[in-house]
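Order as written gives the chain letters A, B, C and D; numbering starts at 1 within each chain.
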Amino acid sequence: MGRSRLEAFSDGVFAVAITLLALDLTVAGPEGTGSLTDQLQEKWPAFLAYLISFFMIGVIWVNHHALIRQVTKVNRTLLFLNLVLLLFVVLIPFSTAIVADYFSRHNWDTRVAMMIYGGVFLGMSAAFGAIFEWTLHGERMYQPLPPEQHWPARVRFVSGGLIYLAAIVIALVSDVASFVLIAVTAVYYVFERTPSSPGASDGGDEEQPVT
Amino acid sequence: MGRSRLEAFSDGVFAVAITLLALDLTVAGPEGTGSLTDQLQEKWPAFLAYLISFFMIGVIWVNHHALIRQVTKVNRTLLFLNLVLLLFVVLIPFSTAIVADYFSRHNWDTRVAMMIYGGVFLGMSAAFGAIFEWTLHGERMYQPLPPEQHWPARVRFVSGGLIYLAAIVIALVSDVASFVLIAVTAVYYVFERTPSSPGASDGGDEEQPVT
Amino acid sequence: MGRSRLEAFSDGVFAVAITLLALDLTVAGPEGTGSLTDQLQEKWPAFLAYLISFFMIGVIWVNHHALIRQVTKVNRTLLFLNLVLLLFVVLIPFSTAIVADYFSRHNWDTRVAMMIYGGVFLGMSAAFGAIFEWTLHGERMYQPLPPEQHWPARVRFVSGGLIYLAAIVIALVSDVASFVLIAVTAVYYVFERTPSSPGASDGGDEEQPVT
Amino acid sequence: MGRSRLEAFSDGVFAVAITLLALDLTVAGPEGTGSLTDQLQEKWPAFLAYLISFFMIGVIWVNHHALIRQVTKVNRTLLFLNLVLLLFVVLIPFSTAIVADYFSRHNWDTRVAMMIYGGVFLGMSAAFGAIFEWTLHGERMYQPLPPEQHWPARVRFVSGGLIYLAAIVIALVSDVASFVLIAVTAVYYVFERTPSSPGASDGGDEEQPVT
């Protein structure tokens, strides 16, 4: 099983999922009630959720590539873990659509929607963590992480997951606070430059020769 | 006709089909009847069918790659057989949506839906078997299967197809039993490690150098 | 402009278009009128049109690849001609859906639908012919077609286009006859082995080493 | 972070976005009011908008490739800028659908629709300009643009953006004039041969060896 086709298939899924996000950006059109401006204004949570989910998928794709290009050997376990990761990636347009649909209600349903939104990101984060854990064992990386960095890296991963878990718990009380937490996390990931962050072994913004 | 573009096209179709699966995961939204939780609970067969079909497509993709990377020569017959395989892969979101729509009814329509669901997997299995058969003749593989393993491999393939045939026949009597059989088959394929299984010539969970 | 990315982009469009075909295969579901079997039976033109369009896109993809892999130099004219080809490929799911919607009516609208269906294939055929014509000039092919074969090849191309033109004209009188003509053409292309057919320079069913 | 996977992911997004454009080309079908010919005639703005957006995405894809293949080093800033570009590419089917829906109204909503249509192209143009600006600094290109050409190139880029800005401003007064301006721009870009245009360093229609 070559790494290149694992990447090609994953890239395809990432590309389709990120593009399908925009399918939920629809307006009722001239037959609907209200002017186009009104319809768009009502839809602002859909646009915001689109933006957040777009960059979330983008960040996962960047990290996925940074990690997988280090992999020396592909086996069925990695393929399966990768499928689980993609399973959650593919669910992002669905969870984004639910948030967009229910956001302006600010009732219990909105909070359930936010829990699902956070839950899909939590699942994705867990699957990515499992792939990372897989890379730590055996001689599976070209440049293996030194053993003394395993636990710090794991702690960082669990912290990432804890943010999504916090967003889920906070959604029980406030959908807005939960949404803000996930939005801030997305912005943080986009601008994050920590060279030592897992999957960012290409040294943050250091430039890398093309491979 | 290069193998690489056959793989690229097939990967694209697999990636789009696996992502389109999630398009059927929709809820009626705030305008629909019932809370979001109710709507999601009613939709559980859709989620379960999504999960099964997702891993089915994932497994086919893994096996497709394991088989095609062994192919030394691409001809029009292989391209045609591959198209037939993709024809059934592309039908999976459709058959999954039908099962999801009719599952909770438990009437004759549900059984018809299960027969279609099993039928699409049967067609896919037959097309994959035909590609495998094609690889057995001529010098079409880098590491051809020894002749004495041809019949055992064929028997395994026919067995796989017989499971889907059984699921179709069982659906005449019980849609639930048919669904459980296909679900168990999906789980089996995901966790299967048999190194000698056709298309799994990369040795189950043995690690393989990246090519 | 590398050929590899031209192929990658084209493969992506072919893969998405062939998969989107199946999006039109929907049934009204339990809320619709009639049993699932009835709904599926009513939909048979959709399934037949899906089948024909699927293999048409498949055949174009095969021929596209066979032609493009021979190209030594990529310029803006080729990119533009390729975009025009893809424009028609992307229209195939649309024209297929129209035929599927109107086929069982057998009225003037059905004939208009068939004219659109044939028209999209005609446009595609013309665009492919233009790409082929482009390859005949300059030193644009690794194995250029000998000059004495230029006119026979052009005649074959125009013949192909004439079939679609005939299908459009016949649709003025009989939608069924037009549909049968296109269906027969699709079957012919799938099983065609003519080694000298343009774009099939890989010798029909002769086996080719993997490149 | 290899350039090849940046290209693969971007190609996937371009391919899906260009194919999704056609999803908006639907007719009400036999249940709708009016004959198929009437329905198609009413839909002509959708077809025209489809055509324009198709070639716009095609042109961006060509320019994107011409620019990225020159890049020697990929860093997180480029990945982020590329994501922003793709964000606008993915919005094109949405803005195209809005124009198609509102075009025949010729009221304020149509002008808002045209402003959104122009706005998405403006955003895309700005993101592409930012990527181009990024390539000017450090040793990021195999064949860096000579310093004395930096400002002329920037002026050309800003001019391109100014056209979209003009289309947005003109839309305040006339939706038709705004639409014509964007249509003319699309046609211009398709037939443009300026060898010195940024991202067209492959020399307009000069033929390039395949890489």
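We adopt the following convention: contacts are C-beta pairs under 8 Å (C-beta built on N, C-alpha and C of every residue); 3 or more make two chains touch, one makes a residue touch a chain.
Here the structure is a predicted model, which means the values were calculated and not measured.
> Quick one: compare the interface residues of chain C with those of chain D and tell me same or different, with half as the dividing line.
At the contact between chain C and chain D, which are copies of one sequence, the residues are largely different (under half shared).
> Counting only C-alpha atoms to place each centre, which chain is farthest from chain D?
Max centre-to-centre separation from chain D belongs to B.
> In whole angstrom, what separates the CA-based centres of chain B and chain D?
37
> Roughly how far is chain B from chain C, going centre to centre by Cα mean, in whole Å?
Measuring from centre to centre gives 26 Å for this pair.
> Enumerate the residues of chain D that touch no fewer than two other chains.
8, 11-12, 15-16, 20, 23 - these are the residues of chain D that touch more than one other chain.
> For chain C, which residues are in contact with chain B within the complex?
The touching residues are 7-8, 11-12, 14-16, 18-23, 25-27, 29-30, 35-37, 40, 51, 54-55, 58, 61-62, 65-66, 69, 190, 193, 200, 202, 204-211.
> Show which residues of chain A lie in contact with chain B when the two form their complex.
Checking each residue of chain A against chain B gives 1-5, 8-9, 11-13, 15-17, 20, 23, 71-77, 79-80, 83, 86-87, 90-91, 93-94, 97-98, 101-102, 105, 108-109, 112-113, 116, 138, 140.
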